[in-house]
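Here chain A shows up in two complexes: once beside chain B, once beside chain C.
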Partner chain A sequence: MYVAVKGGERAIENAHAWLAEERRGDTAIAELGTAQIREQLSLAVNRVMAEGSLYDPDLAALAIKQARGDLIEAIFLIRAYRTTLPRFGASLPVETGAMACDRRISATFKDLPGGQILGPTFDYTHRLLDFKLAADGEVPEAPSREAATGPVPHVTGFLNREGLIEEAPLDNTPPPDLTREPLEMPANRALRLQALTRADEGFTLGLAYSTQRGYGRNHAFVGELRIGSVPVEMEIPELGFAIEIGEVTLTECETVNQFTGSKTEPPQFTRGYGLVFGQTERKAISMALVDRALRWEELGEDNVGAPAQDAEFVLYHADNIQATGFLEHIKLPHYVDFQSELELVRKLRREATAEQMREAAE
Partner chain B sequence: MTDQAYNFAYLDEQTKRMIRRAILKGLAIPGYQVPFASREMPMPYGWGTGGVQVSAAVLTPDDRFKVIDQGADDTTNAVSIRSFFQRTAGVATTTATREATVIQTRHRIPEEPLTEGQILVYQVPIPEPLRFLEPRESETRKMHSLEEYGLMHVKLYEDISRHGHIATSYAYPVKVEGRYVMDPSPIPKFDNPKLGDMAAIQLFGAGREQRIYALPPYTRVISLDFEDHPFEPSKADHPCGMCAATDSYLDELIVDDAGGRMFVCSDTDYCEARQAAGHIGKDNGGKGAA
Partner chain C sequence: MKDALQEDTPRKAWMSLLAKAPEGRAAALLDAAMTRPAFTWLRAPEIGSTMVRARAGATGAPFNLGEMTVTRCALTLATGEVGHAYIQGRRKADAQAAALIDALMQTAMADRLRGSVLNALSREMEAAKAARAAKAAATKVDFFTLARGED
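What follows is the complex of A and B.
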C-alpha cells in the first residue's frame, strides 16, 4: 500500500553527513589544509576568485576544500558569501601601467621598453607527466635577480602614437554594477566586460575559439599580456585623499585586431580587452577576443550572425552559477507537470488511434 | 534557532527594500514583469531563488510560513526552503494551508481556496510567456509594450490545427486585466482558474531571470483560448486513492512491477485533512478496495 513519503528532512541530513564524509576521504590520509590549497593549487584559487568576483585567496581555498575540488561549486560558495558583504565604497581604477609584472609578453614586438618577461608559465614545458612529483615535490630554488626598475608602458600606447590603433578615450562615467542592477540589454562595453570577467572560463574559451575559426572572425594579435600585482587605492571622504588598501594580482590582455575600415572608420587596428583577477591567462585572452567580437556594432562592422557577436546570447549564458543552477534544477521533482503532459499525450494518442480505426473501417 | 550571523530572513534590509519596491510596482501593474537586482542566494538558481527572495522580503516575525513543491510539504526542496527560513527568520511554519500567512509554492496552487490576508509566492523558472516563441529579451519586452501577442495566438492556433487541441498542459499562458500576457509559472492548467479573482495576493519571483510580477487580490485572469476551442482545465479522470476526492489534482504513482497505478492528491495537506475528516479512498481501505 502507498504511504505518503515522510522524512525528507532526515534524508537530507543523512545525505549531508555522507557528503562530509566523502569530502574528507580516507582518514588514513592526511587532511588537506586550506593553506596548502592556496599555495599549491593557486591557479584553481585564482579561477574561483575571478569567477566568484571576490579577491580573497584564503576564502577561495576554503571554498575549494568544501566543494571537494568542484570549482563551479566553489565559485558558487564564494558568490553566495560575497552577496552578503556590506559595501563601503568603490576603489579608484587600478593603474595596470604601474603593475609590478611577473610576466609580460608581447606577440607584436620582438623587443620593447620594459622587455619581455616570461615569468612562471607552462608555455614551453613539455607536457610529460613528472613522476618525480608523485614521490617528492620539493624543488630547488629558482634563480632570481632584482626586478628591473623603470616603467613598463602598454604596447598599445606605441601604436597609438602613429594613430594606427583606434582611440580609447578616457571615460570617467561610473560603470554600471552587474551585481546590484538587473542585467538589461543593450549592455554598454563596461557592463559587457564586467560580465565577461566573471564569466565561465570554458564558455568564454569556446566562444573565443569560435571567432578564431571563422564565426565572427577578427584576427587577434596578443599586443600584450601582463600578469602582476597592482596597488588598490580608495578615496576616504573623511581624509580627503586616497590611501592604499591592498594589492591584487591581475592578468591583463590587450589584443590588436585587424580592421579594414568601415563606412565611418578608416583602416586601423582595433582593440579587445581582458582583465581578470589572479594569474588567469587563458581566461583573459578569451575575454579579449570575445570583447572584440561583441564590439561589431560600435565599429560599424557587419553582424554575420556569429554567436560571439550576439551580446544577448553571450551575456545571458556566460554565468556558470546561473547556468548550472538552472541545468541541475531538472533533477527536482516535476511530477505535476509530467502528469499533465501524460494526460495530454494519452488524449492525443486516443484520438489519433480512433481516427486511424475510422479510416481503416471506411 | 535563528542564525544570528545573518539579518532577519537572510537578506539585508536594503536588498529587501529593493525587492519590496519591485513587488509594489508589480502589484500596481498586474502581470507586468518588473526587473529586479536578484541576489545570489545560498541555494542554486533554478531552485526557487526568486520565490525565496520574495518570501524574504514579505515575511515578518509574526508570519506563519508554508512551503510546497508539487503540492507537497514534504518534497526535499520544500523541506530545504522551509528549514532555511526557520533558521534565518525563526518564523513559525505549518503544513496547513488555512493557517499559513505566507505560502511559497512550486508548480501548484493549493486546493483549498486562499483567503484575504494570505500571500502566495510562486517560484518561477522562465517568467517570459513568449520566450519559446522569441528567445530575445529585447524583442519580447517590445512585444509586451506594444501588446503584440499575435505570435502567441498563432502558436495556439497551430496546436489546434495539428493536434485538435491546444498542446500546452502546464505553464498555460493567461491574460491579466485585459492587458499583459503572463506566465503563471509551471502550474498544471488545472490550476489556472484559481489564478483569477483570488482573495490572496499572488507574487511571482524569478531569481535567475531577475524578474518579479504580481496579481493583486481579485484580479481578472483569463486563460488564452478561442471561442470554438474554449480553455478546459484537465486532470486525471479518477478519484484520489487515499481520500476519494474527485475535485483535486492527482499524481499518478506506479505501485507494482506489473505497472499497476494509483492516483493520489498532489496537495498533501488537502488529502490528509480529508482523510482525517473520514474520507477514505479505495487504495486506503475504503469502498471498492481490492
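What follows is the complex of A and C.
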C-alpha cells in the first residue's frame, strides 16, 4: 500500500528559515567570511576536499559555512556539487617525488638525504589551550633558513637499492573509477586506493588502529610522510601536448612493513600507501595501514579474518556520504512500513495469547 | 581545433605558468601592459573538473585520487591567432586573461608580454615558493650526538 500525503510545506519552509537564522547565530558577532574559513580553518577545508573528492578550497570553505561546521554535511554538499561538473579529462599521474615539501619526516631513517623537515606540525606542542588565541594578536613571522634546491627523493628508494623492499613497478593500466562505475568486488588496488582516499577519516583511523592492536597486524613503520604541493599536468586534446593546469597540496604516507615471506614472496619489507588531498596526515597514515592490510591476498598472507583485511567490509562502509544517507533516512517518514510492522506484532501477540489460553485450559 | 603551432615547449611553459597564477594577477599584469585586443570566443569560459591521478606507492599503477575544479576557454584574435586556457579553480575572468595572453604570445606582442606579464608572474611565484621553502628549511632537524654508549 502506498499513501501520498501533503501538508508539510509550511513547516519545512519555516524550518529552513530558522536554520538560516541559527546558522548566522548572534548578529552582534561579526559574520564569518568564507575566506576566513579557507585561511584559518584550513585543516577542516582539507578534510572536506579529501572526502568530498574535489580539490577547491573556496568551495570547501563555503560548504563548511553552509553546513554550520558539520563536516560530513559539508562533504555531502561538495559531492552533490561535483556531480554537476562536466569532466574535462584526467590528469597525468602526479609526481610526488617532485613535491615542494612543507614537511617530510621518516620514522625509519634518522639521517636521510634531504633531512627531517618538521613543517607546520602539531607534534611536539603540549596540547595546552592557548588563551592568547582568544584575544586578537599579530603572529610573528616564522623563521626562514636557506633551502636546498632540487627534488627530495623518496625514502623507499634507498631500501630498493638493497632489494630489501618490494618494488612498485611502473604500470600504465588505466584505473577503474568508482565515480563512473559502481564499486564492485573484487576491487583491485587502484580501486581500493580511490575508495580509501575519499573514505571517512574516523572509519579509516579506527580500522588502521585495529591492525595495530592485533586484528590483522602488519607491523607498520612510517617510512616517509611528506606534505607539500605538486603540479597537476593534463594532456590538452586541442593542443596535442600536456600543460600544468594547477597545483594541489597532498599528504603522502609510505609505510614499510615487516614481512617474513610467504609461498610466493621472499622475506622483505612490504609497503602500504596513503595519498590524500590537503594537509591530512592522520588520514594518510590510516590509509597506508589499511591499504597494506587489504593487500594480504596479493602478498600470499593468511586471512586471519580481521575486519581490515575484508575488502568488502572496508570499502562498502568507508564512504561517509553513503553511510549517513542510509543511516539518516530512517528518521524520515516510514508511517506505512511501521503500520505493517504494528499489524504483524498485534497478530503475533493475539496468536501467543490464544496459545497460552489453550494451554491453560488443558 | 588542433593548432598548427609546432614549437610547443615555450607555449607549454607559459600556459602552465598562467594556470598556476594567483587569482586576478595575470589579468592585472595584462591590463597594465596593454589595452586588450578584440577577440571572438571559440569556447566561452566553462567550469568543469579534471580527475587527478596518482600512482600506488608513488611509482606503481595509476589510481584516481579525486577531482579538481578547472576553468577552460578558447578564443581567436581578429588577426587569427587562437588562444587556449585550462586553469585551476572556478575563475572565468582569469581563464579569459590566460587565453588572451596565450593568443597574444603568438603575435608580435610576444616580447613585450614575456617581459611585463610572464617574467613578472614567474618571479612573483618563485619568490612565494622560495619563501615557503625557506620556512620549511628552518624546521629541518639538525641532530647532534649527546653521548655514545660504547665504552
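Here, the second predicted complex is superposed on the first by the 353 of 362 C-alpha atoms of A that agree within 3 Å, B and C clash if a C-alpha of one lies under 4 Å from a C-alpha of the other, contacts with A are read in each partner's own complex, and residues count from 1 in each chain.
As a convention for this text, contacts are C-beta pairs under 8 Å (C-beta built on N, C-alpha and C of every residue); 3 or more make two chains touch, one makes a residue touch a chain.
All figures in this text were calculated on a predicted structure; none of them were measured in a lab.
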Ask   = So if we stack both complexes on chain A, do chain B and chain C clash, or do they fit?
value = fit
Query = Comparing chain C with chain B, which touches more residues belonging to chain A?
reply = C
Message = In the overlaid three-chain picture, which partner chain does A:111 touch, first (chain B) or second (chain C), both, or neither?
response = second
Request  = Check whether A:86 is in contact with chain B, with chain C, with both or with neither, and answer first, second, both or neither.
outcome  = both
Query = Is A:343 in contact with chain B, with chain C, with both, or with neither (first, second, both, neither)?
reply = first
Inquiry  = Could you work out the angle between chain B and chain C as seen from chain A, using CA centres and rounding to the nearest 10 degrees?
reply    = 110
Request  = Answer with first, second, both or neither: which of chain B and chain C does A:9 touch in the superposed model?
outcome  = first
Query = Between chain B (first) and chain C (second), which, if any, makes contact with A:45: first, second, both or neither?
reply = neither
Ask   = In the superposed arrangement, does A:289 touch chain B (first), chain C (second), both or neither?
value = neither
Inquiry  = Just checking: does A:182 make contact with chain B only, chain C only, both, or neither of them? Give me first, second, both or neither.
reply    = first
Remark   = After superposing the two complexes, the shortest C-alpha distance between chain B and chain C, in Å, is 12
Message = Just to be sure I follow: which residues of chain A are touched by chain B in one complex and then by chain C in the other one?
response = 82, 86, 179
Ask   = Quick one: in the complex, what on chain A touches chain B?
value = 1-2, 4-9, 11-12, 76, 79-80, 82-84, 86, 179-186, 312, 316, 321-322, 324-329, 332-337, 339-344, 347-348, 351
Message = Could you list, by residue number, the parts of chain C that touch chain A in their complex?
response = 1-3, 8, 11-12, 15-16, 19-20, 46-70, 72, 74, 84, 86-90, 129-141, 143
Ask   = Which of the residues in chain A end up touching chain C in this complex?
value = 49-50, 53-56, 58-59, 82, 85-94, 96-97, 100-103, 110-111, 115-120, 142-148, 154, 156, 168-179, 189-191, 193-194, 197-198, 231-234, 236, 238-248, 250, 252, 254, 271, 273, 275, 277
Ask   = What part of chain B is in contact with chain A in the complex they form?
value = 6, 12, 35-42, 44-47, 49, 69-71, 74-80, 83, 106-108, 125, 136-138, 163-165, 167, 169-171, 186-190, 208, 210-211, 234-236, 241-242, 249-253, 255, 262, 264, 266, 268, 271-272, 283-284
